[in-house]
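After this come two complexes, each holding chain A, first together with chain B and then together with chain C.
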Partner chain A sequence: MPTIIVDGISYQVDANDNLLEALLGLGLDLPYFCWHPSMGSIGSCRQCAVIQYQDEDDQQGRLVMSCMTPVTEGAILSIDAEPAAEFRSAVIENLMINHPHDCPVCEEGGECHLQDMTVMAGHSMRHYKGLKTTHRNQYLGPLLNHEMNRCIACYRCVRYYQDYAGGTDLAVFGSRGRVYFGRHEDGVLQSEFAGNLVEVCPTGVFTDKPLSERYTRKWDLQSAPAVCTGCSMGCNISVAERYGELRRIHNRYNSEVNGYFLCDRGRFGGGFVNHEDRIRRCGVRNASGVYDPVSKQQMLEKVSALISAAGSKVVAIGSPRASLESNHLLGKLVGRENFYSGLSGREQSIINAIYAIQQTGGARIPTLREVEAADAVLILGEDVTNTSARLALSLRQTVRNRSKEMANQIQIPLWHDAAVRKLAQDEKSPLVLVTASEDRLEDVSCLTHRAGPDDTARIGYAIANIIDNRYSRPADLTDNEQTLAASIASILKNAEKPLIISGSGSLNLAVVEAAANVAWALKGENKDSGLIYCVPECNSLGVTMLHDGNSNNLDDLLSGSDDIDVAIVLENDLYRRAGSTAINSWLGKVKNLVVIDQLDNPTASVATLVLPAASFAETEGTLVNYEGRAQRSFAAFLPQGDIQGSWQWLLDIADQVGTQKFGSIRQFDQVTEDIAAQNAALSGVTKAAPDASYRSGAGQKIARMTHRASGRTAMVADVTMYEPQQPVDNTSALAFTMEGANLIKPGEVPSSLTPYIWSPGWNSNQAIIKFQAETGGALTDSDPGVRLIATASPVADLHTRHTTIPAITRHQGGSLQLVPGYHLFGSEELSAYSKAIAELTPRGYFAVHPDVAGQLGVADHDGLETQINGANVQLEVVVSESVARQCVVYSYGIDATGELVHEKRGTFKKAESWESSRPSNLIMSDR
Partner chain B sequence: MIKGILDLIRNTFTQLITLKMVLHHTFSPPDTVQYPEQMPYLPPRYRARIILTRDPDGEERCVSCNLCAVACPVDCIVLQKTESEDGRWYPEFFRINFSRCVMCGMCEEACPTYAIQLTPDFEMCEYDRSNMVYEKEHLLIDGCGKYPGYSFWNVSGKTISGKDKGEAENEAEPVDVRSLMP
Partner chain C sequence: MSAVKNDMINVLSQQEIDAIEAEIEHLPDRKSAAIDALKIVQKYRGWVSDDSLRATAKLLEMSDEELDGIATFYSLIYRHPVGEKVVMYCDSVSCWIMGGNKVRDRLKEKLQIEPGQTTEDGKYTLLPVTCLGDCDHAPAMMVGDDLHHDLTPESLDKIFEEDA
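Showing the complex of A and B:
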């Protein structure tokens, strides 16, 4: 480790860092704009200047841009030297020449990196008397505001959007003082990761539109550390509230998971918490089908009477979007044999298989950071960008490993972003896609093949067989398949750290098994192979692990013939998981349907009793992500009305029933401990975060509000003059107040309990630098979460495990393979209720290849219909070259999902009576 | 002995002075102001009851920036931002709990728009404390208060209807991105 001397003090720093990273990593303050820890340096803003001296005798030194200067042994530097400080103050004054007088009406105000750096660089008085340059703004869609006047031309936005996230529709236009950062014309930003511009842009050019609508300054937000429920990646988020409403979701750094970035479903999908369809009171369905509100106590008495009636048959349906705690208590209440996981049979069998594969230890399960280190990637049948978006963003970095290799060869430091990119041009590490329809990663893939799920599995099997011929080989491989598999196999064999990605997305067991074969075969070749499975929901893996992969599933229940007295459904809309005919006929056998859920969904609408459940923003819960990482999510605020956490409802019900099964469990932490005690696989969950008894160094709880939250003595003064006590939180070590441990003293708050990020002088999220052990690395206090699936040494004879190879898919008459097509906006149940997301959700569709459309006699905007499980499903036709020929791709989660998810095939014909809901006479550009 | 005599003389003397002063005050006019019949003079910058003022064009001045609320040492100001059709930010509600306010003037000091101002009216007595809670309609006056003529929107870079980009003070016309001129 080289030693550098900064203003007379020696420090040890990392030789691979540039000076800026090193100095910031030492905890020193130095202003910067264009450098970003995950995007490297380009040296465009000139804000990070320091003085470097030739040797000890050099009194004058020279100005260097610290972000463009490598660390060298014995370097003598000064941050404080007069010329450096003067230079920085002159630079910021120049950057501010055209800056509008906007802070009071700027959404960035109070968490603005530009404000912070202006103060840090010491600029306070304007000298420039000339006119300010102005720009017109653009409409960028429902997620982001654009206020171009505030731009300081640091180029971070385009570097992030184009270079990092692979977007194509945000660019820099114009020349000299006219440079403009925007789209070529008004319109919705197309990248799935556009929302990160809110945090990447150091100014208020790009701001969070839904937050702006009900704007609150950062200092007034009450926040909590939470985990995104949008998909199985388990990104860490900071949820923020004011006046009982969720106001915004911000990134919460976790170096192993999401790093600095979220996807737009995660960032903007929380709006459902404020939705008008939220269930807020307990309801009892009366004779006319309307719900009468009852008090919480009355409801508990009713439920308890139903459950404890003599001889009553009680069953329960859990949920992959509810916490481990809620699912566990539900199972405990009704008994393991009466608990059904809430996944459909098809889905459950796939996730069971995934969990079994992960337990074999046949291949590593990389974290998202480790994904970025892979040198070849094969994706089998998973539309990663739309099912597990954050993973796709990591993959876009993975393909850059080739350029890093090239840079290393000629000793260009990796932080030298522009140089590394120039050097590599279009060279990329290989990424191979085998999917059923259009894929957003195609632009970075070296090989894309379209195939329906069964054919995808066949190719996977063939690849594994070519790598290691002990693995089963499809009997009737076509020549095409053979050549393709051979070339993919050779790509993978050339890599050191190949990564195989698959998942439950194509609802096909064979795909999942084939992917494992490939990863295992590579491991056998002494490759450090990684294997990632995307699972559908935030806790799919968790509920599966809860009963060690042995839960009954929803189909077991629906197909049973027993009469049921009480069925309790936990946070689960059954109509998304099974056909309406099957559910309705099962409901005929159910005397009382008790639903505990957040939104008034179709299942809640047929319930006898409805209990309002808290959302992720209002209660605690532990979720297990795709890699088996258990992470605790905390409540940002207490919900209104009768709403409470599902686990709390279940504890209350058990209490009312007076059951002995719950022993002494009364508190959330006891539930978590019970899970750990009862399930070997989950024994680590208690370590996901400190329990409610945790106190900071000074013996205090951790404040959810900032220390300068305002309005406390006026907030409820319109209702009562007697300022009520702040709500008490007995469930966690966090407190609903501004008193307590906060972030002023570094190290006071453990990372898994950090509600928001702030440090003196650093009001934006970039303050995270102060909490990292080294710049851009792990948090000082280790990253949140605990991994539950140990990577043991591999089980023997893995090649004998997966041998069921599907036959080649042929297009028979109108019979086509049904393949779910996913959408970041709309396919996930809860986020789809968010206003901003709903605006971007496509209409339901059946997508087919032009050849198939020709055979069926349909064109764009016609209707296709199919008879399926006793239901007639009609959806609009989308004709697309990029759909595999044997398939119909349907809009998963958007329309008629429950009817379609069960079947592998369907017979289609043109829907004669179809009327497009598309308004006529629109010109092309209005699409 | 001598000390005793000197003390006696001094004590007598001070007693006489006291007597003189008492007699003087008995015949001089009283200092007490007959409030409320007689009102004291308070300078315009005296700090008491808070008001919200309006722009010269008659629209609400407050842009709901929240600076007053965060500056308030007793946290007695609370408001919520919303936006009008024409693009102005304004408070959906604005509440001051005067039973908490210490009339320190920090809010006025912090306000970037001159919207919030303290006035010399200190006469705020209520039997019911809840009457000390003022909402926006109680706070908003019809004029500019102490700072006539200032309009934040004339200096801010944000567009509102009637003021396009480039039309604020010290602003150049919006740039033409497509221009190739050097």
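Showing the complex of A and C:
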């Protein structure tokens, strides 16, 4: 470790850092704009200047841009020297010449990196009196505002958008003092990761549009550390409230998971919390099918009476989008034998298989950070960008490893972003895609093959067999398949850290098993192979682990013939998971349907009793992400009306029933402890975050508000001048407070309990730098979450585990293979209710290859129909070259597609009376 | 400069496409021909309209944004209509020392327009330019493709008479 001397003090720093990273890592303050810990340096803003001296005799030194200067042994530097300080102040004065004086009306104000750096650089008075350059702003879609006048031309946005996230529709135009950052013309930004511009732009050019509709300054927001429920990646978020509404979601840094970035489903998908269809009161369905509101106590009495009636048959359906705690209590209430996981049989068998593979195979499950270290990637049958978006953003960095290798060879430091990119040009590490329809990662893939799920599995099996011939080989492999598999196998064998990605996305067990074979075969070749399975929902793996991969599933229940007195459904819209005919005929056998949920969905609207459940923003819960990481999510605010956490409902019901089953469990933490005690696989969950008894060094609970808060008093000042009593939080170590408090010292508050990021002089999210052990690295207090699945050493008979190879897909008497097609905006149940997301959701569709369209006699915008399990499903036709032949891709989760998820095949014909219903928002490239 | 100036055509002409494809042939990828392609389009149309920019981007397999970023970076690619000839007078140091301002004023007077404007008859567009590489003969300007130097207000009259 080299030693450097900064203003007379010696420090040890990392030789691979540039000076800026090193100095910031030491906790020193130095202003910067264009450098970003994830994007390296380009030296464009000139803000990070320091003085470097030749040797001890050098009195003068010279100005260097710290972000462009490597750390060298014995370097003598000064941040404080007059010429450096003056230079930095002059640079910012120059940047501010065209910057408007609009902080009071700017959404960035109060958490603006530009404000922070201006103050830090000491430019406290403005001298410029001339005219400022002004720009026309653009409409960029429902997610982001554009206010170009605020731009300081640091180029972060285009570097992020194009270079980091692979977007092509945001660029810089013009030159000199007139540069403009935006689109060629007004229009919706096409990248799935555009929302990160809110945090990447150091000033208020790109701001959160849904937030600005009901705006609150950061210092007045009440926040909590939460976990995104948008998919199985488990990104860490900071969710913020004001006036009982969710106002915004911000990134919460976790070096192993999301790092600095979220996807737009995660950032903007929380709007459902404020939706008008939220269930806010307890309701009892009356004879005319309308719900009469009843009090909480009346509801508890009703539910309890139903459950405790003599000889009553009670069953319960859990949910992969509900917390471990809620699912666990539900199982406890009705007994394991009467608990159904809430996943369809098809989904459950796939996730069981995934869980079994993760435990036995010995292939690593890389974290998202580790994904970026892979040197070859194979994706089998998973549209990662649309099912698990954050993973796709990581993969866009993975393919850059080849360029890093090239840079290493000629000793270009990796933080030297422009040089590394110039050197590599289009050279990329290999990424191979085998998917059923167009994939957003194609622009970075070296080989894309289109195949339906069964054929995808065959290719996977063939690859594994080529790597290690003990693995089963498809008997009737075609020449094409053979050639393709051989070239993919050789790509993977040439790598040291190959990564195989698959998942439940194709709803096909064989795909999942084939992916395991490939990863295992590579492992056998002494490769450090990684294996990632994307699972459908935020807690799919969690509910599966809850009963060790052995719970009954929804189909077991629906196909049963028993009459049921009470069925309790926890946060689950059954109509998304099974055909309506099956559900409705089962409902005929159910006397009382009790639904605990957040939104008035089709299942809730046929319930006898409805109990309003808290959303992720309003209650605690533990979720298990794709890698088996248990993470605790906390409430930002207490919901209004009768809404409470499902786990709380279940505790209350048990209490009312007077059952002994719950023992002494009365508190959230006791539920978590009970989960850990009852399930070996989940014994670590209590460590996901400190329990409610945790107190900070000063003996206090952790305030959800900043010390700058204008006070909750102001919220009701028009009604009363008395300060309303803040609710007491007995469930967690966080507190609802009147005034807020500081979290000044990094490491003082556990990372899993940090509601928002702030440090003196650092009001924007970039304050995270003060909480990292090294710049851009792990948090001082280690990253949140605990990994529950240990990588076992491989067992000897792995090659005998998966041998059921599907036959090649052919037309079978006009029937086509049904393949789900996913959309980041629209396919996930809850986020689809968010206004901004709904605006971007495409119409439901059946997409087919032109050949198939020809055979069926349909064209774009016609309708296709299919009869499935007694239901007739009609959707609009999309004809696309990029759909595998013999497949029909349908818009998963959008419109009536719940009818389809059970079936592997369907027979289609033109829907003669089809009339397209609503205007399409679909971005063609999404299809 | 060619007389074909149909900026209403939003698809590229076969001539333009052939010329662009010929450039691409010498280059490692299609995008690398961006600047040449813009120059070709401008040669045929006098300027690059939004429609022709989009058509060119498509031909080069780039996004509109990528190509427009390049087009707007270069001040000699015109994203607004210009006159038949662009009059570019140098406004940098050498020419300024040698009386460039007088030349500019005379040009404004003659053409009855301000820098950045086009004459009513559509013949000339007046633009300042930083250095034409002819400093030893300052002040200098270009009219269309022709370079003129050692300018005086009087010599300007002659140049425009001959050009008419």
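Following the convention adopted for this analysis, the second predicted complex is superposed on the first by the 902 of 927 C-alpha atoms of A that agree within 3 Å, B and C clash if a C-alpha of one lies under 4 Å from a C-alpha of the other, contacts with A are read in each partner's own complex, and residues count from 1 in each chain.
Everything that follows uses one rule, which is that a residue touches a chain if its C-beta (ideal position, glycine included) is under 8 Å from a C-beta of that chain, and two chains touch if they have at least 3 such contacts.
Owing to the predicted nature of the structure, the values given are computational and were not obtained by experimental measurement.
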Exercise. With the two structures laid over each other on chain A, which partner does A:E912 touch: chain B (first), chain C (second), both, or neither?
Worked result: neither
For this session: Look at A:R183 in the shared chain and tell me whether it touches chain B only, chain C only, both, or neither; answer first, second, both or neither.
Result: second
Exercise. Which partner does A:C103 contact after superposing on A: first (chain B), second (chain C), both, neither?
Worked result: first
Exercise. Just chain B (first), just chain C (second), both, or neither: which does A:D426 touch?
Worked result: second
Exercise. Between chain B (first) and chain C (second), which does A:E56 come into contact with in this model arrangement: first, second, both, or neither?
Worked result: neither
Problem set entry | Partner, of chain C and chain B, that touches more residues belonging to chain A | B
Exercise. Touching A:E82, do we find chain B (first), chain C (second), both, or neither?
Worked result: neither
For this session: Examine A:S175 and indicate which partner it touches, taking first as chain B and second as chain C; both and neither are also allowed.
Result: both
Seminar exercise, completed: After superposition on chain A, the chain A residues reached by both chain B and chain C are 173-175, 180
Exercise. Contact residues on chain A for chain C in the complex?
Worked result: 168-175, 180, 183-185, 426
Seminar exercise, completed: Within their complex, chain A touches chain B through residues 100-105, 109-110, 130-137, 147, 149-150, 173-178, 180, 212-217, 219-220, 243, 708-715, 717-718, 721
For this session: Show which residues of chain C lie in contact with chain A when the two form their complex.
Result: 29, 50, 53-54, 62-66, 68-69, 72-75
Seminar exercise, completed: Listed in rising order, the residues of chain B that touch chain A in the complex are 63-67, 69-70, 72, 74-83, 89, 95-97, 99-100, 112-113, 129-130, 133, 135, 152, 155-159, 165-166, 168, 170-180, 182
